[in-house]
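Quick notes on the structure that follows.
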């Protein structure tokens, strides 16, 4: 690794203590009562805690906590575009997705790696259909998402968190975007998987093992983001997308409640 | 009307308040903002802490990794602190590599750890000459409202107190190590450094725990790091000169602050254990 | 990709045409444009392929090297994708302009090939826990004419089919392992790409969708769905791109079309590759690379 002259550097290379662990047997996804490791059923989603206005210096911000997955998002804008060549009559959105170094089991790097760049692009494409870009021409809105702790479904949580933050910032939108992800394991669908339930190509090799993430605009019933990985048959894929869309609709009232709560508090403060 | 004066002539706006010995956010000149501490919030990290000093929010996460020690110090581990001031926390920062302020803060926290000797680096040794622990302490700022140095030092100290390292077993025959995450040992903290920052306003007045507006109007700054009732470090990077009496005032105030902070950490740790 | 300027009337014409399964160049909604593939074009690589899909031209070179196994998968080889958008293709790719697109294509390819059943990585392992073959796939975009993801994946599959890895004999000698390269240049190991995926891009135009959109059609479409489909009819990666959104029901239609088109594309591609391989010596070299 090239020495980073702008940061305090430690030793040239270090290894995570998990590499020296005894290799553990992969744990079964379901126990004897057909419940998952944390006691949930197949189609149960973890409860969501959502709060807006956590970053006082940003135009809009939101913090989402779904059991172990903790995501914070800040929205700055609309502000002037930095590079003059990128002027356009439509406004621009810029998304930046980043895991903190301590958010995952294995320590991550300071710079954005390929996975984070990929997620940034996917987040951008999930949010673009929902925002009225023509209302802020020649300007851009910056969305910064930081995952403080990753316990599965980080992309889905970021989609929900950033659309709530955009709303909190007062950016005009057609609708909120809620995200949900699922893990396919053979014929079963595990909604909102935890980190150990998430699909990983290294561990799971049978057909119909994979993961699907969906971003939905509930009141318009339009899917604004869909990604999948793992080898999945088409029928299972369709089932997964439908199931995720159902859950996204259920998440809608939670987002609405937290936004209306923050608006009421704002009104109270200002009167 | 007041908001107009604040934007157009911030200096006059502040002077009016300071004449009456009070600040716009209703604090006295020597009052710290309410401090909230949350320890052990991130379970994927070996140690973590979240500090809210008024609006300023800093989260510190500590990840431990294993590396080979330096040849000239075969029994000492590494502690690598780094402060990240990302574009998330304030409009002042752009995405990209750490800027000047972040580098200064990282160096400051590194100095605090080295000079205060709060951790004995030999405690981090697993097998002398072969394997030692490296503690990567990353402080991420989530909301930038002034006085980041105090928040970072407090977050770092609280996270270190929360750090627990997995047990490592050294097999002499195969010359390999095996880690066991089910048994953990708490890190031993020898002393507790606490930092207090004062900003100098108009070359005369000392303001404790400045907000970001106060920092932008200040003419100088001094940070004092204390351990119990002794001074560990004083950092005064240029700016308006201070008389010895003013410096004495700062030092006394920081001793009081140190006791408050240590009590806060203790209470938080007790409530977590319960 | 170069943005073609279209008037509203032209856009309406294309949208209405797509609804009636009639496209601007006379194709149906599920037809690909004329596709030419040539393998073994670059003799310094272990495998290569050049593909021309109407105006899109892509060259893929595959090189295999011996390397260390990764600690997580001690019994498997590795495959790494790198995409280079050359400035030849369009002036927008000058300097670092094409970096974002290159990242997207390589990420999609990496995800599509990430499944264990696409390429048998175990065959690439030489000495378990120590040495394995690492397959470096380099994709070079020579000309951009739409359908970049589709053409890249077809070219990658063809190049991987064409790849020949020299056979190694491993001898263990009292804890000391020796690797011997076979002298015979024809004693090679081929990769089984039968189950490798091809990416099918479905562009949503109006209320219907088209496969292999030309540049004008891409200017009318707001959202695209990319599916990496294998011969068996499974999806190994899916990605939505663009600033538009889909109806839940239209996604199902697109998946159906994608599956049909993907399977037939895979089948015809394999037929062509197998017959080209058989007629290796009688091959009449075309194209400017020879």
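Should a chain be cited, it is by its letter among A, B and C, assigned in written order, with residues numbered from 1 in that chain.
Methods note: a residue touches a chain if its C-beta (ideal position, glycine included) is under 8 Å from a C-beta of that chain, and two chains touch if they have at least 3 such contacts.
Bear in mind that the values here come from a model prediction, so they are computed numbers and not experimental data.
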Where chain A and chain C overlap in contact partners, by chain label: none
Centrality ranking, top chain (CA atoms only): A
Distance from chain B to chain A - Cα centre to Cα centre, in angstrom: 29
Chain B and chain C, separation of their C-alpha mean positions in angstrom: 50
Touching residues (chain side chain C, partner chain A) in the complex: 71-73, 100, 103-104, 107, 110-111, 114-118, 223, 225, 230, 233-248, 251-252, 255-256, 259
Residue ranges of chain A touching chain B (in the complex, touch as defined): 4, 6-18, 20-22, 54-58, 68, 70, 72, 74, 76, 96, 98, 100-105, 107, 110, 142, 144, 146, 148-151
Chain C contact footprint on chain A (complex, rising order): 19, 114, 117-118, 121-122, 125, 128-130, 133, 201-202, 205, 207, 212, 217, 220-234, 237-238, 241-242, 245
Complex interface listing, chain B residues touching chain A: 41-45, 48, 55, 57, 59, 61-70, 78, 80-82, 84, 86-91, 95, 97-98, 102-103, 106-107, 110, 134, 136, 138, 140, 142-145, 166, 168, 176-181, 212
